[in-house]
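The same chain A turns up in both complexes below, where it pairs with chain B and then with chain C.
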Partner chain A sequence: MTAARATLASWWDGDLLYRFRRSPVAIVSLLVAVLLFAVALGADAIAPYDAFDPAAANVVDARLPPGSAGMYGETYLLGTDPQGRDMLSAMIYGLRTSLMVGLASVVLAALVGVLLGLVAGYFGGVLDAVIMRIADVQLSFPAILIALLIDGVTRTALPREVHDALAVPILVFAIAASFWVQYARTVRGLVLVERNREYVLAARVIGVSTPRILFTHILPNVLGPVLVIATINLALAILTEATLSFLGVGLPSTQPSLGSLVRIGNEFVFSGDWWISAAPGALLVLLSLSVNIFGDFLRDALNPKLAS
Partner chain B sequence: MNGTDIILSVDQLTVRFDASPPLLKRLVTGAKRRTVHAVEAVDFQVERGSTFALVGESGCGKSTIARTIAGIQAPTKGAVSFMGVNVAGFRTRHAALPYRRNLQMIFQDPYASLNPRWRIGRIIAEPILTHRLMTRGAALDARIAELLATVGLSPKDAQKYPHQFSGGQRQRISIARALAANPAFVVCDEPTSALDVSVQAQILNLMKQLQRELGLTFLLISHNLAVVAHMADRLGVMYLGRLVEQGDAEQILARPLHPYTRALLDTVPDPHAPHRPRARLSGEVPSPLAPPSGCAFHPRCPLADARCAAERPEPIRVDAVSVACHAVAEGRIDAAQPDRPKDQQSLEQSGDAA
Partner chain C sequence: MSFLLGRLGQTVLVLLVASFVAFALFRYVGDPVNNMVGQAASMADREAVRRALGLDDPMVVQFARFIGNALRGDFGISYRFGQPVAALIGERFPATLELSLISMVIATGLGVPLGVWTALHRGSVLSQVLLAVSLVGVALPTFLIGIALILIFSVGLGWLPSFGRGEVVALGGWTTGLLTVSGLKALVLPSVTLGVFQLALIMRLARAEMLEVMRTDFIRFAKARGLKPRAIEYRHALRNTLLPVITIVGLQFGNVFAFSIIVETVFQWPGLGLLVIQAIQFADVPLLAGYLVLIALCFAVINLAVDLAYVAIDPRVRGSRAAGRAT
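Right, the complex of A and B next:
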């Protein structure tokens, strides 16, 4: 018990938390990010209307500006979209979809990347050469291009209903496929250093099995930078999803994400219906900015070379 | 050494590293393959319960020998046999476990040899759990406390992390980990060279005490002759991957035969004779990429002649010592005196250099 308290105390007094407490930007960005996460998680309870229920949408109420009252006396705080959906509700559900896709693709990319990086760095030789050449090839394609390619192929290969049903997993896979390289390269570089450190040699002398050395000794010592990349990549993945949805190859419009909402509104911007694009766009900026700024803070705080 | 109990036998051990440029560069520029001759044809044996020390300059291959014996470096040629078993011949990790349990290692850098994210208790328990000597529980906790007490730390330290300890304390933790599985043999790779002098003595005395109490055998790697004089029963002097002289430590330290051993011993400062004549070594250690012909020491040796440059000397026995030197074999060495510095100034310089 006292040991646990001592650990907690040392964590509280730790360098990272000290920096966090002294950085208002980091505190605000984390607060905003946590708030958005909470809203996305509680979408069903928080959203005034169900964005997925066709019966809740009323075509008569289509494209109402923010603050308007609907036909049956509903109030649309942020107006409605071309189908008469409440924008605020659509955005809250869209936020959930965006975060879900972002988190899932980051987790998948990190899992694959870290595993391949560990293996490449620890074993070296042919295995390393093969994995890293694949990574190099992968790196020479822009992320959007890879995602477009995967989406395009699956779109022609699968029937429409199947593709729509599988839209989220396909999107997650497409984004993860372009992001894993960063984890693999970073982890490989760190493992190359760690594997010759004496604590790893000591474990080998003791007779510890190779998987145990990789996962209990080396992995915990290379996770710091992975955490930083993951945080920054979360914002990037959300933006990639938004870009793809905006281009029309991401999620179907029946399943709103922030990107597809911006795309729907894009058609009406010149008619003066600015809110349909602007509102989800602003939320997207807020989300990626808060996550990104917190990621930058983590990167700086965990990098001893930048410590002042 | 017939009739004595040999625990470790190193037989014609050779370790070479490939330092070739990448294939593409070799094809384009015609660069040749390059090989680092880290260890060449080294022979020695260690008696149970004794301390065998290997000394030599940085890069002479002593750490490579330590790693080969500890099974984390594969030999290119030759064999290391520990308790009669070839340590490079295990097919599976399980087959190697009895050897691993009996042979442990203490590393040079106490700041790198403990996983910074593990508590001390977990670090010390790792050998015990890996070899399934005990299961987690009160008995294991008691054993960890006992080990910590053995190396002069408090049982409460099991809850702490490595960064909460000083260098000397960490080296004690390393020793506790090495002893956790009750090994017979401990390879100590420069165990004190990263420590303050006062702490060095404590660690060395602890090692001696543990050797007496537990009947341990040590292979001690060091460049510090004072450490070696304090610890070693037998001594091997290495130069450029080869053992040039080995045998009874006391005899070698009192009456060195090989010119390199003499030069090495002359570098030890002696407060009672600060201006004593010293054999001064000129030049640098040659690159192990291209070791000299004949005797590897001949370009720097004050006694070298044509034969030394052409023919590699075989070890010969002189009393309790085996030495590989043509000058000793031909009897030239006792007649030869080390070069004396010509004036006071150069004497001072040589003193500073030491």
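Right, the complex of A and C next:
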């Protein structure tokens, strides 16, 4: 108990929290991000109407401006979309989808990247050469292009119903496949240094198995930078998902994400119905900015050398 | 020299891999025959089309034929447009290249001076504001910038067109929108949209590099010699700042190319990006395959050119280059 309290105290007085408490920008961005996460988690309870219930959609109420009253006395705070759905509810569910895809792809990319980086850095040799060559080549292509092409190729390869059913996993895979390189390169570089440290040599001498050395001894020492990359990549992954869905190659329209909502709204920009695209767009910017700014703070606070 | 050979080998390898993916897609995705014949076609008709397309031959023969054709720029006939893929790509390429080049000119032309200025006036309020704005510029998704610009300048103010290229002039096989008023007007919103992210990036990079150079010993020495600040800043520091900036501008060109897909979709710009999105949506395999090979080639050329430029500009890298930056 006292030990736990001591850890907590040292955490509170530690460098990271000290910087955090003194940075209003970081506090605000984290608060906004946490709030958005909470809203996404509680979508079922918070959203005023069910965005997926066809009975809740009322075509008579289609494309009403923000603040309008509906046919049965509903109030649409942010207006309605072309199907007469409440924009606010659709956005809250869209936020959930966007966050889910973003988080899943970041986790997948981090898992693959960290594992490959550990292996490449610790064992070296041919394995290292092959992994890093692939990473080099992939790095010369923009992530968005790789994700687009992976999604595009699978979309072309699979029948439409199959692809629609698998849209989320495919999208997660496409985004993860374009982001793993950064983790692998960073972790490899760190492992190259760590593996010659005395604690690793000592562990080897007393006969600790290689996987154990990798995962319980080296891994905790390289997690800081991984966390930083993951935070910044979360914003990027969310934007990539939104962009792909906007282009019509991400999620099907039955699964609203912030990007596909903007896509729907884009068709009505010329009729002056700006809110259908502007509202989800603004939410997307808010989400991306808050995560991005917090990620920047983490990077500067945890490792100034990472700042590029 | 061995470094360049290594780079060349890598380039060829990338191209081969891309061609193989393209070929696999071409050959094994969907049923090309179904895409070409109508619902009422008989089995015999289908068989005839299959033979005409060479889909009966062994896989190795087909791949060899694919590579051979690709080398001659022949990627077959688009399912959707019924035209040769090479002709379609050639027709759309000028639009994309013009858009990318102009947006890069805007981004570099504004980004470098702004970055240098903010580095030299680090404390001033304006430079803080510029930095904050550039952070937003990096975080904003391209398609939202495009939609916002359309809402303001096309729908709201009615100043600029929101889609298409305007009038184009044909110069030989090249079509350009740079010579007509409507073409130039149509170029404004898409190129600004495409340039915003690059502008923010180049500005931040130029600023960081400038700050870095201003801290080095030779600048301190120049100050100690009593040179005028202006001479130090613009003659000594700026030159050394430009090298990494040029590299990034070159490498970013590939990114601009990729992001033009988004901008072209927002503005219905008749370029390669719009073409490939349509190819994906309509499962137009030959078109997608041709695009894959072309984009791999473009990136190979860009990366090679940047490396060559690097060697040419900076004598220091000639010796240590092979061991250094590997991308």
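Here, the second predicted complex is superposed on the first by the 303 of 308 C-alpha atoms of A that agree within 3 Å, B and C clash if a C-alpha of one lies under 4 Å from a C-alpha of the other, contacts with A are read in each partner's own complex, and residues count from 1 in each chain.
Keep this in mind: a contact is a pair of C-beta atoms (placed from the backbone, for glycine too) under 8 Å apart; a residue touches a chain by one contact, two chains touch by 3 or more.
Bear in mind the structure is a predicted one, so any value in this text is a computation, not a measurement.
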item: Overlay on chain A: chain C relative to chain B, clash or fit; value: fit
item: Angle at chain A between chain B and chain C, C-alpha centres, nearest 10 degrees; value: 90
item: More chain A residues in contact - chain B or chain C; value: C
item: First (chain B), second (chain C), both or neither touched by A:G281; value: second
item: Touched partner set for A:G207, first chain B, second chain C, both or neither; value: first
item: Which of chain B and chain C A:P220 touches, first, second, both or neither; value: first
item: Which superposed partner A:F297 touches (first chain B, second chain C, both, neither); value: neither
item: First (chain B), second (chain C), both or neither touched by A:N266; value: second
item: Smallest distance from any CA atom of chain C to any CA atom of chain B, in Å, after fitting; value: 5
item: Doubly contacted residues of chain A, that is, touched by chain B and again by chain C; value: none
item: Residue ranges of chain A in contact with chain B within the complex; value: 3, 6, 197-199, 201-210, 217, 220-221
item: Contacting residues of chain C [partner chain A, same complex]; value: 10, 13-14, 21, 25, 28-30, 135-136, 138-144, 147-148, 150-151, 155, 162, 208, 254-255, 258-259, 261-262, 265-266, 276-277, 279-281, 283, 285, 288, 292, 295, 299, 303, 326-327
item: In the complex with chain C, residue positions of chain A that touch it; value: 132-133, 136-137, 139-142, 144-145, 148-149, 151-153, 155-157, 235, 239, 242-243, 246-249, 262, 266, 269-270, 272, 274, 277-278, 281, 284-285, 288-289, 292-293, 296, 308
item: List of chain B residues in touch with chain A within their complex; value: 67, 70-72, 93, 96-97, 100-101, 103-105, 107-109, 112-117, 126-127, 130-131, 159, 174, 177, 181
